[in-house]
Structure formats: structure tokens, C-alpha cells
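The same subunit A turns up in both complexes below, where it pairs with subunit B and then with subunit C.
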Partner chain A sequence: MKCASDIEVRDVEEMYINIDPIQAGGRLTADAMKAVIAYADGYSVCDNCRKPFRLDYIQKPPIAQFHADLARWLNMDTARVVPGARRGFQAVASSLVERGDPVILTSLAHYTEYLAIEEAGGVPREIPKDGSNRITADAAAERIEAVIREFSRTPPLLFLDHVDYQYGNVHDVAGIIKVAHQYDIPVLVNGAYTVGIMPVDGKALGADFLVGSGHKSMAAPAPSGVLATVEEYAGKVFRTTEARGDLTGRTFGIKEVEMMGCTLMGVTVVGMMASFPHVQERVKGWETEVAHSQAVVDALLSIEGTKVLSEYPRRHTLTRVDTRESFDRVAQQHKKKGYFLSNDLKKRGVIGVIPGSTRVWKFNTFGLTENQIRHLSEAFVEIARDNGLNCL
Partner chain B sequence: MKCASDIEVRDVEEMYINIDPIQAGGRLTADAMKAVIAYADGYSVCDNCRKPFRLDYIQKPPIAQFHADLARWLNMDTARVVPGARRGFQAVASSLVERGDPVILTSLAHYTEYLAIEEAGGVPREIPKDGSNRITADAAAERIEAVIREFSRTPPLLFLDHVDYQYGNVHDVAGIIKVAHQYDIPVLVNGAYTVGIMPVDGKALGADFLVGSGHKSMAAPAPSGVLATVEEYAGKVFRTTEARGDLTGRTFGIKEVEMMGCTLMGVTVVGMMASFPHVQERVKGWETEVAHSQAVVDALLSIEGTKVLSEYPRRHTLTRVDTRESFDRVAQQHKKKGYFLSNDLKKRGVIGVIPGSTRVWKFNTFGLTENQIRHLSEAFVEIARDNGLNCL
Partner chain C sequence: MSKRAVDAVFQALFLLSDIRFLLRETAPDHELDEGERERAATILEKVRRQVTILEEELVG
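And then the complex of A and B:
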């Protein structure tokens, strides 16, 4: 069925249990869907834009209030909506990093952090992970020392993934930030996998910048996200324009350079806003989400040969597993090769594992119901049994 | 009526004739609305993202084809979708402009061009407008010469608004670009008010970069837009990352630095795609749109004291008028002051003039039907007559 010319209707979320690693936290809430329909037109939130003509000052819809609420909820001083977490990284790197500066990130960092550093002319330096795929404060301290020796100056910024996208491991953010602050290095916490799905307290972590993703974890349309800062850096990253027309003398009020003026002028910001009360509520159920994740992981571990590469027990809903000694053994004999797994899952109403993957892969159980978790766990075990794998 | 918590349902486009200057070209088509509903979830277009894992390579929905079609339609060599035209300006300025470089733009340039220059560390230098609020090739030549003398080097970039946002005047883009190219200055054409509403041929204009806005003129949700380039500059602006993890050796494939990887991963790109066939069709009706605009302007001019500040006859649907000697005279006596005009328009089903404005203001007739144009023209004249202004 087509929804327009050659675009097929997307029914993944209606028809399947979707365990795709990146999509789980970005499914819209019903309220967001209603808001999307009401505000789908281009500049839909600009009907009542009045002086000083900036998105975060608009009262109706209550975008100004939303910005204040977002900052308070994250326990940060200021917040702006941005077109994706990556545009938050870009704004901060562009403001703090000069050409040739070393910038620290971790060996599990998302690629967009490397891009933000590259665009600002910085030089990435990684904190190594330990044997359990965790970033520790000790490793951070050691690397900071080494980088200062190498460059004879202090890195102007450190990127830190609260939960990394590779393993879904929860890192010692507070401990690492404490170390960084001893060297006066401000820290940007990438909360793309945390803000909107689990409780995050920016001040408790010590974050100088806290970035979240609307489409990844705040039940919002893409591209959307939030960049929050402490007061100390707000003036720098959200600096207003000093540009002046040399002939006309034109100036541009309080438009913010790194935001490029307004950012999300329609469906994206309204989607975030409509989901926000639900997002604030759902993070309170994080323990249940983790228990669900653990249940599915344990079902997978009951299949002989299966390993979990993420930390165990699980503390997040995104998990990386190694099934080279289980499902991949089946794949080597199966007439459908590696596709048997995604096929068999799909027959059972489960989607989101990359077709063909039977070696090392990821899945995310966020947002599934108790029943769906049970069904998913049983599906994995049944597929294993049906294909001759031993299960405990 | 609320659509979610404290967000009121937006019904401006359903209930009124909307002549807001910036919203006209961004109203969704029916197909875009259907696509928005089907693809509203966060990372909705990523279901079938396969190697090399980049938005513009996705086959289903046909995003790869859309990119090729966009470039061909604009008669440019390559195209990428971006989160708003401004993010296209930013990408180009960031790639071409070094700190301290002079960058030329016009005295009618949109503020986001100044911001893009500022963020890149450039120094804006304006081409003056002439007495009819037009930018001419002669003025451009003169200013380029002066800037080269001032800085002892050639500006790396010139921004040029195809149609400016202040007057809706159509400038001599081809003539100005011809001049700029004599000095080897590449030109970015800002087509925020042209791409998607009138025919635009990048090669015929001579544009090195052609930028359009999805939410302003391509019937798409915000933030969205297109950045198209000629082959010569594609490799520079769409350069792929050279970042490498210093410990891990990680590299990041063909992710593009200025795009920050993927740009519009959901409803925004699908909205653009669903509207695209209609947008391609509607630009063919541009002459009718201009005739409509002219009819409303002539109705306004029939009201004694009213002046049109935009070029006349009209060549665009965005118009700036001066009613200080007509509606503003009424305002000075009226118990509702300047609000009488927007109030009286609203009573007649017309919205989009900033409440209180009776001096210098703008409106846009794009997309209105023949009947709506007649109604709008009559509304202005009736309001004038009802308030004692002479009409021809």
C-alpha cells in the first residue's frame, strides 16, 4: 500500500514487535501523533511569533515554557531544541574547539562526535575501554594526562557517552567528569540513549553540557534533540550574533549563532512537546524496562553458545550479543543462510534484527510490554530449538 | 481544542485564507500529510538502511532516487537534504570560508546568511541595493572590486538571494553570478523563496550552490531543505570524514562531515518526497501565481494612499506594502488602533498579517485559488471603504 507516489505505508510499529536498536525510544506517543497531524505544515509554530522573533520565546504553542521545563527536568540551567543530538555536539565543538586542539572522547563514542570534532578542526583522542567494555575514571585520568603532555595544553572539551551505542553500557559519568573537572575540562554528556528513557540529572552527573535526541529517545519526529548547558557555558554556546551589515548597519537582535537562529519550527518541536509529559513519566519506569531487557538476555543466554557482549547483568535495554556459536552455526547449514533468523523472527511478529545477521548484533527492548517481552524471549528460544540448538 | 496537554490544535490553514509571508509555500500537500502520518516515528526511514549506512543511499523508501531526482530537477550535479536552508548555508560557509575572509552578500540578505558567515569566522561585506530595492550586476562588480582592494584577496564565497525576503524582488542572479565568476568567486544562490514555488534552473543561473527550504517553499515539515552543488564543489562541501580513532583505529566510512552524517531521518525527508511530484508540477503554474499576486496588489493600490514597496509589476507572490497613508491613518482614529486591520481581515476569514501592523507589512498570496484571490482583494477594499478611505 502506498501513502504517496512511490512511498509505501510504514506499518512496522503497528504490525510487529520492533527490537531495532535505534528506533525503540523514538516511537511517537499518541499525543505526539495528534500534535504531528495538527502541526505538520512547514512553519506551523510561527503563527504567533512576536518580538524578539525567536523560537524559544514563542508562547503559543507554549514553546518558551517547554524550554524552561526541559532545562529544569534535566537539572541544567538552559536548554535549546536542536535538529538532532549531533547538531548539539556541533554547536558545542564549534564554540569551544580551535583548530589543532585535542578533544577527548571515548573509544565507544558515536561517530557524530568524531565528525563534530573534525568540523571544528580538533584532533580526537580516545579514552580506552576496559576489558568489560566500560570507560572508567582511571582510564580517563590517564588519558587526559597523556594528552596534555602530547599537546602541551589542556583539551577544551571532553565528550562522554552516558550509555554507549555499541554495548548499551552505563559508564561512570559522574566519576569521569570529576576527573575532567580537576583539569578544568568541560564535559559534554551524550545522552542520546538516556535522556527520555531513563532518569538523567545533569547536575548530579556534573555535566557542563547535556545532549539528548528527540528521535532516538524522546518519542519525537526527526530531526530533533536538546542541548542543555550550565550557566557558565550558556553565554558561549548560545552567544547571540554580533554580525552587522557593513553598509546597511543591519543587526540581528538575539539570534544565536550556533543555533543558526531558529531550529525546529514545526512538527519536530511540537512532537517533542506533546510527548514530553509521557517521557517524564516513562523514565520513572526504567527499572521495569531494565528487568525486561534482562529477561530477554537471559532467554538468549539459555541458548547454548550464545554470549552477551554488553555488561551483565544488564542496566540498559540496548544489548549486543554474540551468536557465532549458536545462530551462526545454524546459518552455515541453513538453506536461507543467515536470513533464517530474521525470517523466523518475522514469522513470529518480531522485526528489527538486520536481515542476515547471525554473528554479532544488537537489539533494544525499550517500550515493550510484559507480554511482548515474554513472546520475544520465547521466540528466540523456539527458533533455537527448531533449528537443533540446545537450550537450558 | 487541545491536541495534547497544553497544545492547542492548529487550524489556521483549514479555517482561514493564510497570507502569512513565510508560511505559504510550506503548507503540506495531501500526500505529504499522509506520508507524515505513516512516517511520524523518530528514525522511521531507517528500517531498510543497509551498507554504506547513509541516508541518501536508502532505497526503501526511495530516498536515494529522491536525491538524484532533486539534483536533476534543480539542474545541479549533486543534492543533499538538510535541516533547513540555513544548515545548507552553514555547510558551505564552513567548507569555504577561513577566519578573517571577506564574504559577500547583499544588503537584502536573510539573517541566516550573516550567521553562517559569522560562525565560519568570515567578515560580511554587502552589495548595496539600488533605488528600486534591486541588486544589480554593476553594484556587485563594484563591491567585489572594493572588497578585493580592502582585503587584498578574493572573497571565497558570495551569497545571493534569488528572491529576497524583504521585498520579494527577483534579482539578476545570472548577471551577478557572471560577474562573480570573472573573479573566480563561487556563488551560493539562496532559493528559499523560489525553489519549490517557481521554476529554478541552477545551471542556467550559473549557481555553484543552490539552496532551497522544505518548510518555506517545498510543502514539507520543518526543519527541511536542500543543498545542491555543481560537481566542482561537491567534493569539498560533501567531503567524507577523515577522522580516525587514535587508539581504536576506527574510521567512519563515507559519512559526510558537514552533513554530520545523516540529516533528515524521518518525517521531514518523507514529507519532502511525498510533496515532490506536486512541487514539480506546481512551479509550472507560476505565471498564474504571479497574476494572482498582481491582482491583490492592484486592489491594495486602489486604496488611496497605499504604496507598494516591492518591484512593480509584481514578479513574485511575496509583497511589501506601505499603508502609512491609508490603513495607518485609520488606525490613529480607530478604537482598536492598529489591530482593526487584522481583526477586520479575520472577520472576513483572512489571517497572516501581524496583528497591529498598519504601517509597512508583508503578505504572500502563494497557493490561493482564483476565488480566494478575489475574496482577499475585495476584503482589503471593503475594509478600506468601511473605514472611510477613498478607493478608486
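And then the complex of A and C:
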């Protein structure tokens, strides 16, 4: 079925249980889907844009209120919607980092943090992970000391992933921020895998900047996200333009430089807004989500040879597993090679594992129902049994 | 201008979106329990009402 000339309808969420690690938290809510239908046209939220002509001032739909609600919900002082978490990283790095400055991030950081540092002219310096793939406060302290010795100055910014995208491990954010603040280094917390799926309190963590992803974890269309700050940095990151045309004398009101004026002007922001009440509610069910994740991980661990590379017991729904001694052994003999696993899963109504992956791979169980969790767990075990692997 | 027809289009699309999400929640087997079947029946009845409005407004 096609929705336009050569564009297939996307029906994977209706037809399958989707465990793609990056897609789980961004699936829309029904209300967001309805808002998207109503606001699909380009500048659709601008019908009632009035002076001072800025997105976060629009009252109808209630975008201004949404900004205030977002900041309050995250327990931060100011918030702006941005086209993806990466644009939040970019805005902060561009505001705080000067050419040649060292900027600290972790060895599990998302690549867009490196790009934000690079674009600002900074020099990335990584905090190493420990043997269990965690970033610790001690490691952060050691690295900060080393970087200050190397550059003879204090880094102007430290990026820290609340939960990393590689292992889905929950890091000691509050502890690391405490260390960073002892050196007067502001910290940006990347909450792309936390804001919108689990409770996050910016002030409790000590974050100077808190960034979330709408399309990764807030049930919103892409690209969308949120950048929230404490008061101390709001004026710097959300500074308004001072540009003036030399011939025309034109000026540009209160447009914010790092936001490039307005950011999300249609389906993205109304999608975020429509999902927001559900998102606020769903984070309260985080323990159930973690229990679901644990159930699937335990089913996988019942397959002889399977290992979990993420921290265990699980504290998140994104998990990295090592099946080199289980499914990959099957793949060596199977006529479909490594594709047998994704093929067999698809036959059982499950997608989201990269086709061909049987060695080290990730999956995310966020948002699945009890029945779907059971179905998924049974699918893994059945595939293992059908292919001669021992299960406990 | 038929505001009634426009409202009916949106209402029908929203109701069908609810069906779409019912399909998502019950994937991959789409085996609905009694409560879900009742929910589907209620929604579909409402869709029919909106289609009737559209026929009245646009077809006559």
C-alpha cells in the first residue's frame, strides 16, 4: 500500500512488535497523531502569532504555556523546544565554548556531542568508562584534573549522558556534576534516553543544562527536543539578536540567536504538546517498564551462551546483549547466515533487530504491553529451541 | 462553507486514529479481548455517524 506515488505506507508499528533501540520512546501517542493530522501544514502554528513574533510567545495553540510547563516539569528555570537534542548541544556549546577550549564528555557520549564541540572550535576530552561500562565520579575527577594540567585552563563545559545509548546504563549524574561544580565547570545532561520515559529532576541532578529528545523519548515527531537551563545560563544561551543591517538599519526584535529565531513551527511542536500529558503520566510507570525489560533480558539469559553487556539487573529498557555464543553459533551453520535471527523474529511478529546481527546487538522494550513482553520473550526462546540451542 | 462537514472529516480521522492505536497495542496478533472489542465497536459506530454527516453535507 502506498500513501503517495512511490512512498510506501509505514505500518510497522501496527503490524509488529518493534524493539528498535532508537524508536521505542518516540512512538507517538494517539493524541499526538491527531494533532499531527490537524497541524500537518508547514507553518501551521503561526496562525495566531502576534507581536513580539516568537514561537514561545504564541498563546493559541498554547505554546507559551507549554514552554513554562516543560521547564517546571523538568525542574529547571527556562526551556525552549529545539529541533532535536543535538540542536540543544549545539546551542550550549556555541554559547560557552571558545576556539581551542577543552570540553569534557564521556567515552560513551553520542556522536552529536562531539560534533557540537567541533563546530564551536573546542577540543573533546573523554572520561573513560570502567570495566562495567559505567562513568564514575572518580573517573570524572581524574580526567578534569588531567585536562586542566594539559590545557592550563578549566574546561568551559562538560557533557554527560544520563543514560548512554550504547549500553542503556544509568550513570552517576549527580555525583559527576558535584565533582564538575567543584571546578566551576557547568554540566549539560543529555537526557535523550531519559527525559520523557523516566522521572528526571534537573535541579536534583544539579544540571546546568538539561536536554531531551522529543522523537527519541517524548512521543513526538522528528526533529524535536527540549533544551532547559538554570537561570544563571539562560541569558547567555537564549540571548537575543543585536544584529542590524548596515544599509537598511533592519533589526530583528527578540529573536534568539542560538535558536535561529523560531524552532519548531508545525507538527513537531504540536506533537510534543499533545503527547505531553501522557508523557508526564507515563514516567510514573517507569518501574513497570524496567520490570518488562528485565523479563525479556532474563528470557534471553535463559538461552545458553547469551550474555548481557549492559548493567544487570537492568535499570533501563535499552539493553545490549552478546549472543556470539548462542545465536551467532546458529548463524555459522544456518543457510540464511546471520539473517536467520531477524527473519525468524519477523515471522513471529517482531522487528527492530538489525538484519544480520547475531553477535552484539541492542533492543528496547519501552512502551510494550504485558502481552507483547510475553510474546517477545517467548519468541526469543522459541527461536533458540528451534535452532538447537539449550534453554534453561 | 460546511463547518459541519469539516468537523466530521476531522472527527472521523481522529476516531480512525484510535483504531490505529488499538492495532498497535495488540500487534502482532490483533487478538482483541472483550473490552477492546467493545471499544472498537463504539469507535466504529461513531465513525459511521461521521460518514453519514459527510454524505448529508456533501452528497445530499
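A few points about this structure:
Throughout what follows, the second predicted complex is superposed on the first by the 392 of 392 C-alpha atoms of A that agree within 3 Å, B and C clash if a C-alpha of one lies under 4 Å from a C-alpha of the other, contacts with A are read in each partner's own complex, and residues count from 1 in each chain.
In the analysis below, contacts are C-beta pairs under 8 Å (C-beta built on N, C-alpha and C of every residue); 3 or more make two chains touch, one makes a residue touch a chain.
Please read all numbers here as calculations on a predicted model, not as lab measurements.
Of the two partner chains, both subunit B and subunit C are touched by A:Glu13.
Judged by the touch definition given at the top, the superposed model places A:Glu304 against neither subunit B nor subunit C.
Judged by the touch definition given at the top, the superposed model places A:Asp386 against neither subunit B nor subunit C.
More residues of subunit A are touched by B (comparison of subunit B with subunit C). When both complexes are overlaid on chain A, the residue A:His375 reaches subunit C alone and has no touch with subunit B. In the overlay built on the shared chain, the residue A:Pro124 is in contact with subunit B alone; subunit C does not reach it. Touch criterion met: A:Pro277 reaches subunit B, while subunit C stays clear of it.
Of the two partner chains, subunit C is the only one that A:Gly349 touches; subunit B does not reach it.
Judged by the touch definition given at the top, the superposed model places A:Met33 against both subunit B and subunit C. Common to the subunit B-facing and subunit C-facing surfaces of subunit A are residues 13, 27, 33-34, 37-38.
Subunit A makes touch with subunit C in their complex at residues 13-17, 27, 29-30, 33-34, 37-38, 348-350, 369, 371-372, 375.
Chain contact summary for the complex, subunit B toward subunit A: residues 3-13, 20, 22-23, 25-28, 31-44, 46-47, 50, 60-62, 65, 83-84, 86-87, 89-90, 94, 107, 111-112, 114-119, 124-126, 128, 214-216, 219-223, 241-248, 250, 252, 255, 257-258, 260-261, 263-268, 270-271, 273-274, 276-277, 354.
Against subunit A, the residues of subunit C that register as touching in their complex are 10, 13-14, 17-18, 20-21, 23-29.
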